[in-house]
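Have a look at this one before I ask anything.
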Amino acid sequence: MATHHTSDYQTGELKSRDLSYPSGGGISYKEVNEDVVRTMTQTGKWYYLALAGAVSGFLAFWILPWAYQIYKGQGVSGLNTPDFWGIYLTNFVFWIGISHSGTLLSAILFITKTPWRRSIYRSAEAMTFFSVATAAVFIFVHMGRPWNFYWTMPYPNQRQLWLNFQSPLMFDVFAISTYATSSMIFLYFGSIPDLAAVRDRVTGWRKQVYSALALGWRGTDSEWHWLFKAYTFFAVFIIPLAVSVHSIVSWDFALSKVPGLAKTIFAPYFVVGAIYSGSAGIVTLMVIFRKAMKIEKYITLNHFDKLGMLLLVMSLLWSYINVVEVFTGWYANTSAENETLIYRMFTTPYAYMFWLMIFTNTILPLLFIFKKCRTSILACVVVSLGINVGMWLERYLILTTSLPRKFLPYMWHDYIPSWVEISMTLGSFCFFAMLFLLFVKLWPSVSIYEVKEDIGIPMRKGGGHH
Amino acid sequence: MDKAVLGLFTYADELLDAAKRLEGSGYDITIFSPIPLGHEIEHKLGPRKNHIKYFTFIGSVAGLFFGLLLTLGTAAMYVLPRGGRPIWSITPTLLMSYETTILIGVFFTLASFLFFSKLPSFSRKIYDPVINVDSFGLLIDGNLRGKYDEVERILRDHGANEIKRVEETEYNS
Amino acid sequence: MKRRDFLKFIGIGGVGAGAGFVLGKVSKPPGAKLIPYLIPPEDIVPGVATWYASACTQCGAGCGTLVRVMEGRAKKIEGNPAHPVNRGGLCAMGQSSVQALYNPDRITKPLKRKGPRGSGDYTEITWDEALKTLAENLTELKSKGNSDKLHLLTSPLSGTLDKLVREFVSAFGSTNYSHYGLFQRKNLAFANLSAMGTASVPHYDIENTKYLLSFGADFSSTWVSPVNYSNGYGKMRQGAGERGKLVQVEPRLSLTGANADEWVPAKPGTEALLALAIANTIVEKGLAKDGGAWRGVLSRYKAKDVASICDVSVERIEAIAVEFAHTRPSLAIAGDSVSSYENGIAGAIAVNILNQVAGNIGVTVIPNGDDLGGGRRVDFSKKISTLIAAANADKVKALIVYGANPVFTTPKAAKLEDALSKVPFIASFSSFMDETTAQADLILPAHTSLEDWGDDFPDPGVGAPVASIIQPAVGPVFETKSLGDIFIELAKAVGGNAAGKITAPNFAEYLKSSWKELYSRNREMAAGTLGFEDFWNKTLQNGGWWGPPRKRTATVSARASEHLTGGPARFEGEEGQYPFYLIPYAQTAYMDGRGANLPWLQELPDPMTSVVWGTWVEINPKTAEKLGLKEGDMVNVESPFGKISAPVYLYPGIRPDTVAVPIGQGHSHYGRYAKGRGANPIEILPYNEDPRSGEAALNSTRVRITRGGSGERMVKMEGSTKELGRGIVQTVSTSEFKRMKKEGV
Amino acid sequence: MKKLILYAVVGGIAFIIGYFVNYQLFSDRAPVQPINFSHKIHAGDNQIQCQYCHIYAERSRVSGVPNVKRCMGCHQIIKTDSPEIQKVASYWDKKEPIPWVKVYNLPDHVYFPHKRHVRAGLDCKNCHGDVATMARIEKVSSLQMGWCLSCHSKKEVKNGSDCWTCHK
Amino acid sequence: MSGFFERIAGKLKSYREPGYYTKLDHKWTMVIDLDKCNGCEACVVSCYAENNLPVVGKEECEKSRAFSWLRIERYVEGEYPDVKVKFIPVMCQHCMKAPCETGCPVYATYHNQDGLNVQVYNRCVGTFTCATYCTYDVRRFNWFTYKWPKPLEAQLNPDVSVREMGVMEKCTFCIQRIRAAKDKAKDEGKDVQDGDIKPACSQSCPTGAIYFGDLQDPNSVVAKLAKSPRRYRLLEELNADPSVIYLKRVMGDGNSSHE
């Protein structure tokens, strides 16, 4: 066997490059492998506690209330006749939104060859996939007869009856399943070399699992070549797909005639909002992730600095569109639009939520103008959590202030969520946490080979081609 | 049976030099690396072809037509008018085909990647686990009878720190 | 694979498949059964609906119905399009009678009281036993010479059933058979008797009226014959001729008032004065058709004197008078809010005078004659107070109740329950455990009208002789008996005179023979028929018999004016302490409370407030602001006689000095849907019975409103009542409409 | 461990197969009836017309099962000694209807008028098979929506594929 | 052979026809005369009785889950004593360009050849899209499995299915009555005549404010009323093309006695 080689990365070329890693210690290739595999093999007490909490939370807060709802009927929720969607679709849109940053950012940054992508993209993509899964479950949760969900899938049947492809919900089914499939493929194929690396380091049943998952990857130049080519195409596909997915999600609402929902700006509004909330989600997640997994050297303040800038930009964009939305509603000056706006902005309890949302999503992120804030973990947590709360409120407000104020005032009726809905909202976070916790244990959650790429290619003579 | 020779390098430039040298001498070489060396290899050994794009294109076009067929065909199978719109309405059809274009495009890309990279393959092949950590490997395969010494010498000359004669190395042992 | 492994797999697979097979078998729905008829009923084809013509008995209007029956079950009740009273329409209450038939809270068997009275503790007994017990009680009464101490209290029955009961009671030797209902309109009948000589409500030809001046008559929802009047209203508005105008005078905007072109919110209790002032103005301006005789009487009611009392401007009184007199034909009607005052008779007479002065009597006011002799008889001497006094004086030894629910509909101030507790034996024939039935010692549940035979002679009628037949559309759902059969069997069991007089084997036969008699008396009936059987079959098919309209007229006798009073109606309670007039009104769905046990009616939003499942207090928003009340706040409505609590509904259509509470909720019994729901405003009324007519005044107390009290939350179906300029209910102005008509577009 | 999983998988698959075999194939095509009534004897050998017993077929949504009186109408004289007939007679004596088991059971949301189909000249055989050869009545058509539709489209029924033609 | 292709081409062309039907069999239309309607709600109960609508109870009513397919909306203008109250019965408007129909992913609601907006209960999966898209708030959802305490269930109309939990429903223009009338007409070998069909609400209306008929039949009552200068349709500006035509209420120009 080969002896242990440590590349001297502190010399020559490499030192002058602006690495994302602390220049002090220097990281060897081997260290990367060991660090990542360590996150998968060494499991502390806290991990099990967290997982147990997430699993039981998922069961108690989501599965049990859902089972109760399926058994008793949708009536156990607080939905009512004008507001048929309530929190369930709020959560659906929220989670779809959270999903938007991971894969989309990863793809964009991959194509633009942005270096700071490399250590965070894997977990961001996983976040995408898991939040899409969470969102998808909410589709079934909000359905009146979820046991007939397969009727929304195109399959040949004896009834000769297919699907209504004119329905925005059908666009959803296609867009979300395409998105979920593509982002899963994107995630998986980006991880194959790392799965192989893990395969080489583990034993027992894990060995078999990772051998199967790694597909027999050896790291030959042809494998790398085709992987890189295919990966580029995936990335290229992902970008328009992600944009279309959230546009389509917005059309669930925007293609109606309901005042407050039927807005032409909804598609970009939702896409921007999605990237915004997704990026905030990444920030929140990364703070916990790097701390829990002790991988601060890979996910550095530099990353938060960059993400902070992104958040600031998205915040300004989001605020702009939000102002436009309110403004166009005000400018239309129809009774329907006016009532919706008054209801949303000046009627309790929605006024509190609205102005809280404006605070967390427009004012609070302005802190990120300062580099001090961008590189402060505390500020990052506060702002990103604030944005997430604000974005959830945004979706909630869109639905609960529009649907109860439709065209016929006689049918106006406020919506009050029931414990079932609130519980399932909590449960969805537990579900997401559960999936993510399992992910970090079962998957190389930091890309090994790309971090190595970032460290640089070891050259005896230096002057590698870049 | 012939044995192949696997040289393990610490530095990528040495590996590439060795590869160029050996390839120039007409040996079948395979480069192993823990990170993609696409640029460096192409710089040194010349550009490589990208066949995947054709498959991606074909897949996308197929997806487009699949989407059109699905939306228009199923609408015509059971005629149920809704919303005062035609049975064949253009906009939703395009939306649907947009999604299927991407979906099938992704599938074709995936399939072509698996095809070209010959994955998945679970048969025993020459491999060394250290490659996935921090070593670059150069595998010289094919008819080497009587040329071992020369190959090993070239490898050593270029800085290989370990040279193995191997039949096959199990990567999944 | 090793051989042993293979066998193991086979074994596991087999067990799994077997278990799956069993589960598949078990989880399959059981084979549905196909139950044929033993003997097919002749007129039933399964899957095909049969329609039976009948008549509705939910209220006294006597609408003709068609009952849709499938496989022996009543599915729906619709108005009989051929019937002259309702012409196809049917109100919410009438349609709900199918829920009375299939009500889960019906009394399914005869019951005998076990626990103390009012405890609701009963044991089920057989019909034989029940009838025997009742007969024994009556025989005992008779043998002791106490025949006259038997009291019978029923809802206002009409036709053959009334005849049978009357026959039974008189044969038994009692004179105490009385009708009782909250909205019996005895004041109206009394006024009409003194004015025109018939003790009934005349036929109001709303259809051909061009100016309808309604004094608190809510004919769109509950008043007298709502479906008939609504039909006329529809034709008045958009019929062949010019569009008629509706002006409503009432302190609280009723459903009818909401449809009126003008609302005159006169002060409660002053409508009679207003009517007389209008009449006086007509006479003074020389517009009267028949003014001479009235000039003297009316001169006491000058518009300028009355205006401030009524809170209606002189100009307005004069304008109404002029328009009323000029528009021909016009019509004034006196509704519940007028006739429910302490001087209700005066109000009704005033309106009669107004009609007389405007020359409407015989044109739009067509007095009824009881052409067929089956109409409801109004006996002014039969009062609930008489019964109470008799009971207190130990003169009631047995009381039989049917249909009426006096415990619920009589003010607590009358102390009816105390009086009833002194009656040693109470029997009820009600099929529902209402408040009065809950006091009974013996309950013999009678059929509902869908299971029973009967007939109905609609009162007020339609200006034409009408007789409707009620036939059983379905077999009895429970072990109940036809009310007529109960009396016939009772007559046999009691023996004596009664047995001798009532010889029919059952009520169906009795009814038929009664109609045979009617047929032989009445030439019109005989016309175009081949004898009685043919007539009878046709009657059953058509749902009754009705003749051509009859023109009748009358003159309001000057003597009627002696019932007029000089001032507004009296309200109990001092104004300082009790600042608000209380208007308890008949709600569309529950009427006098009888509809409260039907789920459809409970869930029917009140037309004016959209409140469901409960009671509310209507308060003018300005008043509420002054009192610091918001919608939905619980308030106590307190009169000198008691207090109820209910949530507030902010109602712009009510005078600021008035509050209104719907009647009908607040049941302590009456089934799962009614029990313990809302409050009953009758409880806090004084017992102001008019000594002449025997009708208790509903609008006769003032109340004060205080925050507090307990009760259920108010649930209303409306979100907002503001249209917000969205053009939801679009309107055209009267002048625009006239132009449209003129241009013939 | 590996084996246990394998066993579980095999057992599970077998369970599902068993379930579906029962549910799909053993769908009680010919349930046992309270009386061993033979259409073969009545409709086959004796050539009794369908609508002699199923009297409502031309008039109503349902075709109607013969009432007990109708059975007794003939069987008071014919074959009174047969044990099956005596069973019928005992129902008649007890004044109880015969609890036949439904063979053609449509769900509640389907509106199927026998009347329209009979009046359109459709032979009973089309759906109910050749009952004249069945000793015990047997379900011969799936009664699934596709089955209805295929016939409707074959016969070019007007609005035959409109949902509300058959659903309610 | 060319005939075959022409037929195919014709068929394909018809798929591009807006609304698909070049001519409907019927165009069932309801005309409601608001000047006649007095808001008595007899129609509401009639609808409950005819269409097996469950009674949901007070708590559910409070959550705005009452089932009335047909409701009387009431709007109040002005303050005491100049209060104007207006009633309007609102039921499914059977829009020709119904927003709900496009929303449903599974074709549980669509437009049929009678011009009806049809809801197929047993196809519905309960995505709520139709109800959300409905601009008239007339769709009702089965939040629970509703039970009728015995023996109230004896009243249930066998011509109308009792809907399952999780299913959307709405006014059907009493399609079972349309079906029955067509059935009867077919037996008699003729077309459905004007006046043969009366939905439950129209049948029971005491004032006769609700008319029903085929707008395509120029001699029908509704066709004549539809030409009235008082005609308007609810929220017409939303371009849903509803099949319910309202006739404007005539309202006084203020108090004429003040003139």
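We just call them A, B, C, D and E in the order they show up, numbering each chain from 1.
One rule holds in what follows: a contact is a pair of C-beta atoms (placed from the backbone, for glycine too) under 8 Å apart; a residue touches a chain by one contact, two chains touch by 3 or more.
As the structure is a prediction and not an experimental result, all values here were calculated from the model.
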> Quick one: most central chain, C-alpha centroids?
Replying inline: E
> From the centre of subunit D, which chain's CA centre is farthest?
Replying inline: B
>> Top contact pair of chains, counted by C-beta pairs?
In response: C-E
>> Let me check something: if the centre of a chain is the mean of its CA atoms, which chain is farthest from subunit C?
In response: B
> So how far apart, in whole Å, are subunit B and subunit D when each is placed at the average of its C-alpha atoms?
Replying inline: 62
>> Please tell me the distance, in whole Å, between the geometric centres of subunit A and subunit D computed from their C-alpha atoms.
In response: 55
> How big is the gap, in whole Å, between where the Cα atoms of subunit C centre and where those of subunit D centre?
Replying inline: 50
> Taking each chain's centre as the mean of its CA atoms, how far is subunit C from subunit E in angstrom?
Replying inline: 31
> What parts of subunit A, by residue number, touch at least two of the other chains?
Replying inline: 82, 160-164, 166-167, 170, 407-411, 413
> By residue number and range, which residues of subunit C touch two or more other chains?
Replying inline: 47, 610, 717-719, 721-723, 726, 728
> Where in subunit B do residues touch two or more other chains at once?
Replying inline: 75, 78-80, 82-83, 85
>> Show me the residue ranges of subunit D that touch subunit C in the complex, using the header's touch definition.
In response: 3, 6-7, 10-23, 26-28, 31, 56, 59-62, 64-70, 92, 95-102, 105
> Any idea which subunit B residues touch subunit A in the complex?
Replying inline: 8, 10-14, 30-41, 43, 48, 50, 52-53, 56, 70-71, 74-75, 77-78, 80, 82-83, 85, 89, 92-93, 95-96, 98-100, 102-103, 105-106, 109-110, 112-114, 116-123, 125, 127-135, 137, 159, 161-162, 171-172
> Given the complex with subunit A, which residues does subunit E contribute to the contact?
Replying inline: 60, 63-66, 71, 73-75, 90, 99, 102-107, 123-129, 131-133, 135-137, 140-145, 164-168, 235, 238, 240
> Any idea which subunit C residues touch subunit D in the complex?
Replying inline: 5, 8-9, 12-25, 27-28, 31-40, 45-48
> What does subunit C use to touch subunit E in their complex?
Replying inline: 47, 70-71, 73-79, 86-92, 94-96, 98-99, 101-104, 220-221, 226-227, 230-231, 233-235, 237-238, 243, 245, 253, 255-256, 258-259, 261-263, 265, 315-316, 319-320, 323, 477, 588-589, 599-605, 607-608, 610, 612-614, 620-622, 652-656, 672, 712-713, 715, 717-719, 721-723, 726-735, 737, 740, 745
